[in-house]
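Letters A, B, C, D and E name the chains as they come in the text, with residue numbers starting at 1 for each one.
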Amino acid sequence: MNFLLHAPILQIVVPLLVAPLIILLRNRHIAWGLAMASTLATFLFTLHLFLTVNETGEAIIYELGNWPAPIGIVYVIDVANAYVLPLIAGVSAIATFAARGLVNAEIDIRDHSLFYAAWMLTIAGMLGQVATGDAFNIFVFLEISSLSAYALVAIGAGNDRRALPAAFNYLILGTIGATFYVIGVGLLYMVTGTLNLVDIAQRLPAIGDTHTGFAALAFISLGMFLKMALFPLHFWLVPAYSYAPSVVSALMAATATKVSVYVLIRILFGVFGVDFPGMDSLLGVVLLGLGVAGALIGTVAAITETDLKRLFAQSSIAQLGYMAIGLGLATKSGLAATFINLFNHALIKGAIFLALGAIAAQLGRVTMSNIQGAAKQIPMTIAAILFGGMALIGLPLTAGFISKLYLLRAILEEGAWVVAVFTVMSSILALIYVWKIIEVAYLNDRPKGAPVLTETPAQWISAWVLVAATIYFGVQAEIIVDAAFSAADLFIGGNQ
Amino acid sequence: MSELILALLFLPLLAAVTTLLFRETPNIRDGASIGIGVLTAICSIQLFEMVQAGQSETLVLFAFAPGLSIGFTPEPLGALFALVAGCLWPLATLYSVGYMRGAKEKNHTRFFTFYAIAIHAAMGIALADGLITLFIFYEILTFSTYPLVAHKGNADAKSSGRIYLGILVTTSVTMLLLGIIAVWAIGGDLTFREGGVLADHLDPRFAPILLALFAFGIGKAALMPFHKWLPAAMVAPTPVSALLHAVAVVKAGVFSVLKVVIYIFGTDFLLETRASEWLIWIACFTIIAASLVAMSKTNLKARLAYSTISQLSYIVLGAAIASSIAVQGAALHIAMHAAGKITLFFCAGAIYVAHHYSDIKDMDGLGRRMPITFACFALGALSIIGIPPLGGSWSKFMLMMGALDAEHVFVIFVLMASSLLNLYYLGQPVIRAFFAQNTGETGFSEAPVAMLIPLVITAGMTVGLFFYADYFILSFKGVTP
Amino acid sequence: MNLSILIAQWNYVIVIALMMIGFYTVIARGNLIKKMVGLNIFQTSVFMLYISMGKIQDGTAPILSDDPTMIYSNPLPHVLILTAIVVGVATTAVGYALIIRIQESFDTIEEDEITEALNEEALAERLAEQH
Amino acid sequence: MNFFVVDAFLMVLLTIIGVMAVKQHRLFGVIILSGSYSLVAATWFVVLDAVDVAFTEAAVGAGVSTVLALATLSQVRSNEKKRPIEPLALTVSIGAGLLLLLAVMDMPLFKDPSAPVHVHVGPHYIGESGAEIGVPNIVTSVLASYRSFDTLGETVVVFAAAVSVFLVLAGWTRKRKSKDEA
Amino acid sequence: MHDDPVIRVVSKVLIPTIMLFGLYVQFHGDYGPGGGFQAGVIFASAFLLNAIVFGMNKGRHVWSPAFNLQCIALGVLVYGGTGIAGLLLDGNFLDFNVLLANPVAGQHLGILLVEFGVGLTVASVMVGLFFAFASRPAHNRLMHQEDTRLLKSSTEATAEPTTTGASVSKKGEVKK
């Protein structure tokens, strides 16, 4: 039999079933080996999907249990999620590689197999949400990834007790978000009688302008806003990211919120469609407004932070603001901008948090004061943070530049000068906190008696793979931009 | 022709590499970079002549996103800028060798490496075929000059470096980038085109705003109120101030403004919409204000810095007037002012190395001890002031002509006034040096010969430029004669 | 809004009311166990929403019998809710586990007291930063 | 008619229990109330023909959750700190409630046979599952075959819960560092 | 309460009955209400009763945490394996028609296996959760003894003593 034929499902099933296998074997070395192998395999599967889908241009439909939609659950791999899947799988693979060292440093040796099991479940859950074509199946996989994510956060970097309330709040808000989503899906099911996204999309227009439809839209959006930590529903994110074990922060900062953003896009544009009654106000007012506010407030908050994990967590809020802005424009180029941003930001934040992790593994926490002059002792690690920061600001020849370019272009195409000014403002404010780090790490001298930092290629290579990707996609953005636009085209055809 | 473009772009990089390779043997290191500099100069001259002869060719390095590519198209203005930077670089390098050794500066290798990279960036800006390429090299230039500004590494240098980077990056990443993307969104294209990209897409009411984004966004043009970085940059060793902050960097700024006015907006468009009226006022204000500040400075380099700010606004002014003669005058002024100002800085550096004087008060009677230096200083100063038979007079004259046929009579008076101010604050040091009584010991003591040669040559240029000015009068297409 | 519909649909109205009782408890109450209970009520009410939509006029449980005229309620919501219940209890288990750990390390499960402790730590850290 | 009576009775009961659970400050009482809430809900599910759901809700909502809650309670302070009503939370939840009431406006009528859910996908299960699966309990065939991928997910969720709980509780013996100790 | 004869006798009778009922619910799920999940919970309750009445340690002898974890994993793998089987028999993932020559029989077999997987996982998870909550410190220690034993038996060359495991791993592994 041809495995590639089943790539759409294997990409999920492999990591999903590796988790129990890890538990069965209960050996931390085998555990990491399995995790590494399966994430790599998953990455290859997703890559294959990406290539085939972009080659043929039409979606792959995989009927689980051979039951056709809407009777059964189907996976639909189209240009949109074929674009997101390799990103998640790839970043996961790199993070898993880094996990080898970071987990040894930060997590009790007796918990490793449990850790890797939860780790794999998170990854599988995220991929599942993206790949599935069934509204309720999204919820199930959302819970798989969330549940294990709560636990991963709760472990806490170096058993930091503050990770516990962080994880609990994350759990409460995450569950509320998921429940809201379920309510929304329930209402949709009530008026359409089906759970298959495509089927719902086809039947919604017939229902026309109903309060029920609007309520469904509102609840699903709210749920996803919570999950993607859109300002002002972002309060769970910062503690969760900053107290979690470094490698967990890296994985989540890079992928978790992106998945929710994608699901939101899929539901808003793929199911309801821009012409759905009430949509224009949701996008043009709510998403755009919250996006701008988040972009500004997130950056300002980042400037005030002295803990680097918190700082970059705050900047994630800002970045999510940018993505929201892209969606709020409700144009093809706006959506494409969000897709580009989604991809690049995943790379950038992954790189930064992995680098931070390499330091946190030695210092416990990474703060402005305890990385003074670190550049001389761990040049590669600090350089990775430096490059990441430059990409966050959006300097040329980094992927961040491309994101900003297309976002601003999309904004200006709509003539939304005010939004453009705010966006630019927040990106220039980003310069301040990045510069603070550079000055502390490069220009200051390491104080006497400060612990000596060390680095080995094994510690920085994974961060640098992502940095290299950031630079490569800043210089060769063609692939990403094209893919993003074709993805956007799937949801908003026609206009420009 | 494309070989020439590649040569101009990568010879400086090559110089940077050789500098790094031979960091152990200073003489080979510096010799190599001077040699490469001479090569670059020759290439730039050839390119300029080919372009003046009307040849043109586009070289696309690579496309990094759909419709966005790093590409180069030499056109008269760019070739002129390349010529100026290319010819002055080897001189400046030779001078730097003398200076860095004379003034006992450290980290020579780092210095020369970034020096070369900066020239590479300047060349990129000069030959850029569109706004994106221009923007990218603009940023490279900013970041490659930061280590040079903060070269001394003391607290003073650091804080000045912060101001330098802060202003240049902020302005460029906010306003300039916004403007570029606005052009992209409105005109749908970012490559320079004769007659402009926006001509028939842009609503005239927005034109002034968009122009403002560029005029202020290009912080390197040092238009007030975004000029503070230039005085701050003076903490750098004098060769940096000489080549970069009198020629490469600041000229890159005004050059970009000219490019935008000519090839993005289109001078005709600006003329008929009068969208650049307000910029004339800003430029005039900067000219006068900067001159007044310069008078108040007694530190020679600071005074030269403010004089530079004022002179740069001449070029912005020409762009703002946007009549063909004015634009040509502005372009000419790039060359003229370059020759003059670099001479002045060379002299300032020579004085510093020879006697560690940087304040004008200390220079009483110094002219008798360093006659060559001060003679050259006088030439440079007169050229800046615009007195025949020195190069500066032409560009000033053309700017006045341009102002006249665009009916901006008050501009004439502004230019007059600024000339008088120049006369005062540039003349003063010379007068004091030659005629004031000095109490200290007398006797001939000049700076090292490696520094004298370049400054004599550049001083000679100021004279030569007067007679061969027509060689630099550019024939723009798409600018109504 | 049109009240007659609400009366006709009173079943849904009550379900919604229950939902909001639960929701309020989750977000308003500071005691972590109370939060979890609220979550339980909230989710159970959502289950009820689904089950109500599956009910059909004089239908019976969806277990096939030989009588062809039999009307069955829609099994799909039942299946979904079976899954949802399990997911719910899974979340609850993790939640309670976290509560126990919080009690262990903070010696309280009242939100405001935990926040207090956290703020003190943050303050101590700020001071450490300055020195 | 008697359906209406039972339905109404259970609904009222649920409301009462719900309100009591919120007002009650003794956590033991709260937990027992939430358990009984699930139990009543289970009964209500039976009335609405959802026997499997009822079964599960009784076993889980009333059983497992309550046990876990009590196990937790044995470790903590047994009374909730009294708090005033939170106006913000109240408005938020009332807002959400109103939004849902709005949704009720255009909902298909309760028990209406012509509702979309009863005409689109559901009938296929009822009509065809006998032939396609051959299992009388339609819920089982949908659960285990038509939507068995959901059920796989469900099983994995249970598994994930176990892994997570073990991860979280394993650290019990290892005391948590608070900053001053660190 | 461990030495209350009535409870002991009653539960001695009750436990097998509960298990039997659990099995009934498990396999009668196709015909009446019930299925893997409910059965799992019921089955677990039998163990819990055993543990409550005859004491935690007794209960743990019957069902050791490590074994418990393995059962949890096995259940999921059984389910997934059934899916993979369908995939290997040239069907789609979780395609039961291809399991046997006769599709309906295939469906039966598939559902049976799947439900068994669910039951196994749920039952063992419930037991595990109960132990984890009810008697955690002891349960925890014991679980970790299991762990380290397994670790030693596995390729773990430098198996640190359980108690100092964390600190040693911190010192030993980061710096190298």
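One rule holds in what follows: contacts are C-beta pairs under 8 Å (C-beta built on N, C-alpha and C of every residue); 3 or more make two chains touch, one makes a residue touch a chain.
Not measured: the values here are computed from a predicted model.
Peer 1: Which chain's centre, taken as the mean of its Cα atoms, is farthest from the centre of subunit E?
Peer 2: Of all the other chains, the one whose centre lies farthest from subunit E is B.
Peer 1: So which chain ends up closest to the centre of the protein, judged by Cα positions averaged per chain?
Peer 2: A
Peer 1: So which chain is the furthest away from subunit A, centre to centre on CA atoms?
Peer 2: Following the centroid criterion, the farthest chain would be B.
Peer 1: Quick check: more C-beta contact pairs in A-B or C-D?
Peer 2: Between the two chain pairs, C-D has more contacting C-beta pairs.
Peer 1: In whole angstrom, how far does the Cα centroid of subunit D sit from the Cα centroid of subunit E?
Peer 2: Those two chain centres are 24 Å apart.
Peer 1: If you average the CA atoms of subunit B and of subunit D, how many Å lie between those two points?
Peer 2: About 73 Å, centre to centre.
Peer 1: How many Å are there between the centre of subunit A and the centre of subunit C, using C-alpha atoms for each centre?
Peer 2: 26
Peer 1: Centre to centre, by mean C-alpha position, how many angstrom separate subunit B and subunit E?
Peer 2: The mean C-alpha positions of subunit B and subunit E differ by 77 Å.
Peer 1: Listing for subunit E: what residues touch at least two other chains?
Peer 2: Within subunit E, the residues that touch at least two other chains are 31-33, 37, 69, 72-73, 76, 80, 83, 93-94, 96, 122, 129, 132-133, 136, 144, 166.
Peer 1: Could you check subunit D for residues that touch two or more other chains and list them?
Peer 2: In subunit D, the residues touching two or more other chains are 51-52, 56, 60, 64, 68, 71-72, 100, 102, 104-105, 107-108, 115, 117-118, 121-122, 125, 136-137, 139, 143, 145, 147-154, 156-161, 164-166, 168-172, 174, 176, 178.
Peer 1: At least two other chains touched by the same residue of subunit A: list those residues.
Peer 2: If we look for residues of subunit A contacting two or more partner chains, we find 16, 19-20, 23, 64-65, 108, 110, 136, 140, 143, 147, 150-151, 154, 161, 164, 167, 183, 189-190, 195.
Peer 1: Write out all the pairs of touching chains, ordered by chain label.
Peer 2: Chains touch in the following pairs: A-B, A-C, A-D, A-E, C-D, C-E, D-E.
Peer 1: Per the contact definition, I'd like the list of subunit C residues that touch subunit A in the complex.
Peer 2: 19, 23, 26-27, 32, 35, 39, 42-43, 46, 49-50, 53, 76-77, 80, 83-84, 87, 90-91, 94-95, 98-99, 101-102, 105-106, 114-115, 118, 121, 125-126, 128-129
Peer 1: Show which residues of subunit B lie in contact with subunit A when the two form their complex.
Peer 2: Residue list for subunit B touching subunit A: 62-66, 68, 135-136, 139-140, 158, 162, 165, 169-170, 173-174, 177-178, 181-182, 184-186.
Peer 1: Contact residues on subunit E for subunit D in the complex?
Peer 2: Counting only subunit E, the residues touching subunit D are 29-35, 37-38, 41-42, 45, 48, 69, 72-73, 75-76, 79-80, 83, 93-94, 96, 103-104, 107-108, 110-111, 114-115, 117-118, 121-122, 124-126, 128-130, 132-134, 136-137, 140-141, 143-144, 166.
Peer 1: Applying the document's contact rule, which stretches of subunit C touch subunit E when the two form their complex?
Peer 2: Spelled out, the residues of subunit C in touch with subunit E are 61, 63, 82, 86, 93, 96-97, 100.
Peer 1: Can you name the residues of subunit A that touch subunit E in the complex?
Peer 2: Residues 1, 6, 9, 13, 16-17, 19-21, 23-24, 26-30, 62-66, 101, 104-105, 108-110, 361-362, 454 of subunit A touch subunit E in their complex.
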